[in-house]
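One structure coming up, written as structure tokens, with questions to follow.
A, B, C, D, E and F label the chains in the order they appear, each numbered from 1.
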Amino acid sequence: MSEPVTTNPFVIMLINMTVVFIVLIALGLVINLIHAIDPTKEKAAPQKEAPAPAPTPAAPAPEPVSADGVSPEVIAVIAAALASYGYGPAAIRAVRPIERDGWKNAGRSFGVQRTLE
Amino acid sequence: MEIINAFVISLQAVWADSGFSAFTMGNAIMILVGLVLLYLAIAKEYEPLLLGPIAFGCILANFPRTGFLEDPGLMLAIHYGIANEIFPPLIFLGIGAMTDFGPLIARPSTLLLGAAAQIGVFVSLVGAMMLGFTEKEAGAIGIIGGADGPTAIYLSIQMAPHLLGAIAVAAYSYMSLVPLIQPPVMKLLTTQKEREVVMEQMRTVTKFERICFPIVSAILISLLLPPIASLLGMLMLGNLFRESGVMDRLSDTAQNSLCNIVTIFLATGTGMTMSAESFLVPQTLLIIFLGLVAFIFGTAGGVIFGKIMCRATGWKVNPLIGSAGVSAVPMAARVSQVVGMKAKPGNYLLMHAMGPNVAGVIGTAVAAGTMLAMLK
Amino acid sequence: MEIINAFVISLQAVWADSGFSAFTMGNAIMILVGLVLLYLAIAKEYEPLLLGPIAFGCILANFPRTGFLEDPGLMLAIHYGIANEIFPPLIFLGIGAMTDFGPLIARPSTLLLGAAAQIGVFVSLVGAMMLGFTEKEAGAIGIIGGADGPTAIYLSIQMAPHLLGAIAVAAYSYMSLVPLIQPPVMKLLTTQKEREVVMEQMRTVTKFERICFPIVSAILISLLLPPIASLLGMLMLGNLFRESGVMDRLSDTAQNSLCNIVTIFLATGTGMTMSAESFLVPQTLLIIFLGLVAFIFGTAGGVIFGKIMCRATGWKVNPLIGSAGVSAVPMAARVSQVVGMKAKPGNYLLMHAMGPNVAGVIGTAVAAGTMLAMLK
Amino acid sequence: MSEPVTTNPFVIMLINMTVVFIVLIALGLVINLIHAIDPTKEKAAPQKEAPAPAPTPAAPAPEPVSADGVSPEVIAVIAAALASYGYGPAAIRAVRPIERDGWKNAGRSFGVQRTLE
Amino acid sequence: MEIINAFVISLQAVWADSGFSAFTMGNAIMILVGLVLLYLAIAKEYEPLLLGPIAFGCILANFPRTGFLEDPGLMLAIHYGIANEIFPPLIFLGIGAMTDFGPLIARPSTLLLGAAAQIGVFVSLVGAMMLGFTEKEAGAIGIIGGADGPTAIYLSIQMAPHLLGAIAVAAYSYMSLVPLIQPPVMKLLTTQKEREVVMEQMRTVTKFERICFPIVSAILISLLLPPIASLLGMLMLGNLFRESGVMDRLSDTAQNSLCNIVTIFLATGTGMTMSAESFLVPQTLLIIFLGLVAFIFGTAGGVIFGKIMCRATGWKVNPLIGSAGVSAVPMAARVSQVVGMKAKPGNYLLMHAMGPNVAGVIGTAVAAGTMLAMLK
Amino acid sequence: MSEPVTTNPFVIMLINMTVVFIVLIALGLVINLIHAIDPTKEKAAPQKEAPAPAPTPAAPAPEPVSADGVSPEVIAVIAAALASYGYGPAAIRAVRPIERDGWKNAGRSFGVQRTLE
């Protein structure tokens, strides 16, 4: 836009905020759409019911001390967030179901070198 | 005799060519500014990874006769990377690889809080325009309220490069002050009852959703706002590295070695734009003031929208998570958590606040894109 | 009233400047192509480290009005690195540091298998020329059969940059499909008796040989074929880092942080060359077809030469290791191993197949050098 | 070659394959030459004889699980390859004989910082 | 018939375009030089991390017709980084992050030893001028005596780029030979009594001092000698990363991935400047000779000044620590330690010698700055 | 200086050495100045007295073998240097006094991600 329509600050503010809301609402709709078409969600649904009777959110676990100073808190946050979704340590593993046949597994473990060829 | 003569003349020549002979009061003051920023970075731990090199770069920039910005060399190469917006998208690649968008995906309504908190950006823009800044300058100043360093630098380079130093310093300083700035605003705008709202657990987020999200949001936002396609694209590429589960090598590099290397260059180079002529002007004080205004209004915007959502959902949303919409990940979310805990011990808001918190990163990028589309 | 007017006009202007208003059917199809490639990379694990960023780059390239290839910025910087062949030699530095040439040194005759497997490259070149491609284009297409991504990219940039995207996608896709493509060809061309040949142990390789090899082969091949001196030189420098025993720091960096950083740039930048105009043409289908032809003939060439060596050595060479000569390290060697094991359980061919496998990397680089010398 | 001698695809194929074979055969000769002049090979020769009575190739060892996903297979391949050369774990160490005097050793351990001076 | 004809002509053309047909005796000799340097780097462990890639780069540079310095590509990009002094300050960033200036801060008088050892630089400069080199060339040659690779490369690029290869090779070779060159000089110039001096413990250095030191010395030296502001600035920025305690991520990256990546480029690129025309000249032998002179006189200067300090302090300084002033960190300090131990077992000089050792790094940078200010 | 004052090598040497000494002496003065104004030095002073009666420098500890080859010697040097300053392992910790309030600590542990926002 080489020539702005208005130089009134309040109009600029209004227009910009409107665009921000429109874009983020559109994004929200898209997230709902992804959830709606998600072919993997059925398995997770019953898991969600189960922990409902215990609505108290998990207490924050003692924070792990990370020697290199890299984001121990972030790890805790993620763990806590996962815990609140109804995942226990065992359930977390299930997030990335391993359903590969032998070949794909082989490919995966060979991946590092192979992929750079 | 001749030797002594040559000796004296040579020493005089070295002195005449030294930085001292061209040293200005402006240089001295800027070096002091650099030292104060270093103090804040190291002793007060204000965003040390960024403010440290920025401060050192500011000191370096104020040595006379170094030729940093004229002669070929490392400093000119770094400056080239700054002037051409090469570094901020690479930082966003790393941030994307570090960010868990799960809480946002689980409760997309928190995107509204991330949008509402951008009001700080635009209040500050209005204030800047009324104080006499041009529209472009006002936009760059306003983005301080977004509490997103790389976005602020990206926008400033394009809209007001002469203000880059002041804007970056203000943005990173206030980000460190989030735990001081936000709680009073949050308490002022909420009732005890609101602060005590307990939120229910979020739903499970599948791997499918986690993988689709970065792809789809990159497409949607880049199409709507092409000026931030490289920023958003890299953020979401980094997040895809993280969530795909098959690109861990790239995710690790994006978060660590690449991100650290670029941080050194970005921060030092940003500091090196802080010349006396561009920084020691009355506008700098106004920028710092407007930055504070932006943070306060951003916090207020998030909290007030939180109150609306609280009512709209039948007291299922705690308005305190709205303040996290300014981003400053994960500081602002932790502030929500701490204020919530004070109102009602055991009310664990952290993971609920992470939704608006990461939404705020996207929201600020969108706000920057909007301003680039409208004002540039 | 005026406000509403300005408001509506501004929103229209933002929309008019957005990507949607310039979105073409070509962009839509290319974004779909990118999504399909992402699906292959993530769900099917087709070379995810490369195909993932290529696919994402393809999507990015098809957002209108981003100015990626016009305005200065990260994307233009990456494009510069692609257009000037800066990245492939750096990837080869890392591959050199990852590669154990020991099996090749222990049995240099396997170089012949690595040479024979290049027949796929040239069969594909012949096919491409007969289908109407120019000589340069045909050479770039043929190199898909070399199963070496960086070499294919290096050659394509110089001989047919408009085909880069299709060639890279075909090369990496077929590399992932090696376990599906090769076994039928191998079984068809060998008898049960041949497949059961047990190979004797390889001789010891000394450290002296391991250190001399990269130095001497860099000298020999660079002198014979100057156009690939930077590719071969970096491969062998990386191998020297690995084998010298006194440059482990450099070997580690070449394999990890540097290699990963360059991979991100190379793959994303390769994807960003995939514009609708250059990819959505009938030739792309031909390229994909010719790539498959190249893989099949390369496998056949290796196996048939393996049969010759089998006879020539008095049944001391199992022809199944010939198929590993297409490189795709170490996938193809593993295919030899698996097919061999099926023919005779306990027949452990993996280390024998590593010789032709790494010879195939050199062979493809040599084939690229020959074509650059003759056709460019 | 600004002007190609021929545009006949089959001739191009023939010439290119010939060059590829010539170059790789030359490389093979050079490898043999290196082996011939190798001053360190004597020590290894008797070792090669020893494992000959046991021609069964070593069974592949259980693959180590690498947490960081970096080429566990490749490590296994290298180990297997070494095993097939007649190296046991003890012999592998001997590949890089440590025959340094005190100063050089000192230099080596100081290497990191020193070499960047 | 036609086919055979085309075949023969094509093979002849490939040969005519190969490196062999343009190979000169100079190329052959330089490749031999590269092989000798590789031998020294790998078998003798002379600074392998630097001399290894330098030697390989030297070999690469002497392949005819590669077009490395004419055609765009990785090699030209590396060359650009060399020609524009981009890499040495980045190496200094890493060295700063690796260096403990504590011993120097605890006993600032050791700065004098670091200054005195620079006499080798200037004796070599005098010698070079008397042997017919120009002033700039003589300055670049003299800096070999500083025993600081990056500083030598930085100065040579600016004062005598055609001598870069010879100077870098001489500097790194002699650095490796410090344990052979220094002890005879040290023993010759000291008495048994002097060598037996036991030094008292150094005082405590506080964190405050450690943090202030890099900041203040960057300011002071950059103002006095602007030509080395980028070198000194990066050294001290790296040291601040190390000492601040709040920038460990950046310190780690500066020491490891960034430093290693830049080392690969710097060393390979330095080697690639070693063309036959610039290296195979009589001056190269003179440079190697003058480098040895510089090391010997630098050692002597440090030791003699150590004797002065020994007397001035009432036998509280062991003159053997003076030789460490040539830098070559920490080799030279270890030489002081070993010679001291031989004179008196249990006399542990290592930490005392670290003061002059790190002072020598600063001293050489200052000497380079002085020469750039006076001679350039 | 486009035109050098002298081309006499010895005068050049003299001038350069003088400048080098001036600069490094100035640096030495600055180091002393830092020490003089150091607000944290009192605590360390008594510690310096204590080990004086034992002037024998600490014997070099057995050098730790570092598998990755990265500067084990340097670590030893630093440790020895610290030991010679009168620090024991316990004292070393005191070099970086931890005197932060809760918020700053929180900020620190969150630092990695936060600082890159």
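Simple rule for what comes next: a contact is a pair of C-beta atoms (placed from the backbone, for glycine too) under 8 Å apart; a residue touches a chain by one contact, two chains touch by 3 or more.
Treat the numbers as computed from the prediction; the structure is a model and nothing was measured.
*Asks:* Taking each chain's centre as the mean of its C-alpha atoms, give the chain farthest from chain B.
*Replies:* The most distant chain relative to chain B turns out to be D.
*Asks:* Taking all residue numbers used at the chain B/chain C interface, answer same if over half belong to both copies and different if under half do.
*Replies:* different
*Asks:* Which one, D-E, B-F or E-F, has the same contacts as A-B for more than half of its contact pairs?
*Replies:* Repeated interface of A-B: E-F.
*Asks:* Taking contacts as defined above, which has more of them, D-E or C-D?
*Replies:* C-D
*Asks:* Using C-alpha centres only, name the chain that sits farthest from chain C.
*Replies:* Farthest chain from chain C, going by C-alpha centroids: F.
*Asks:* Starting from the mean Cα coordinates of chain C and chain F, work out the distance between those two points in Å.
*Replies:* 50
*Asks:* Could you give the separation in Å between the centres of chain A and chain D, each centre being the mean of its C-alpha atoms?
*Replies:* That gives a centre separation of 44 Å.
*Asks:* Suppose each chain is reduced to the average of its Cα coordinates; what separation in Å results between chain B and chain E?
*Replies:* So the centroids are 40 Å from each other.
*Asks:* Just the number, please: Cα centre separation of chain A and chain C in whole Å.
*Replies:* A distance of 33 Å separates the two centres.
*Asks:* Two or more other chains in contact with one residue: find those residues in chain F.
*Replies:* 1, 15, 19, 69-71, 73-74, 106, 108, 110-113
*Asks:* Mind pulling the chain E residues that touch 2 or more other chains?
*Replies:* As it turns out, chain E has residues touching two or more other chains at 10, 13-14, 17, 45, 48-49, 98, 224-225, 245-246, 249, 256-257, 263, 330, 370, 373-374.
*Asks:* Can you list the chain B residues touching chain A in their complex?
*Replies:* Per the stated touch rule, the residues are 98, 100, 102-106, 108-109, 111-112, 114-115, 118-119, 121-123, 125-126, 129-130, 135, 138, 198, 200-209, 212-213, 216-217, 220-221, 224-225, 245-246, 249, 330, 333, 346, 348, 350-351, 354, 359, 362-363, 366-367, 370-371, 373-376.
*Asks:* Would you tell me which residues of chain D are touching chain E in their complex?
*Replies:* On the chain D side, the touching residues are 1, 5-6, 8, 11, 14-15, 18-19, 100, 103-104, 106-108, 110-117.
*Asks:* Using the touch definition up top, name the residues of chain B that touch chain E in the complex.
*Replies:* 10, 13-14, 17-20, 23, 31, 35, 38, 41-42, 45, 48-49, 52-53, 56, 59-60, 63-68, 72-77, 256-257, 260-261, 263-264, 268
*Asks:* Please give the residue numbers of chain B that touch chain C in the complex, ascending.
*Replies:* 83-87, 89-90, 93, 211, 215, 218-219, 222-226, 229-230, 233-234, 237, 240-241, 244-247, 249-250, 252-254, 256-258, 370, 373-374
*Asks:* Can you list the chain A residues touching chain B in their complex?
*Replies:* Contact set of chain A toward chain B: 1, 4, 7, 9-10, 12-13, 15-17, 19-21, 23-32, 34-35, 38-41, 44-45, 47-48, 51-52, 55-60, 71, 73-74, 77-78, 80-82, 84-87, 95-97, 108, 111-112.
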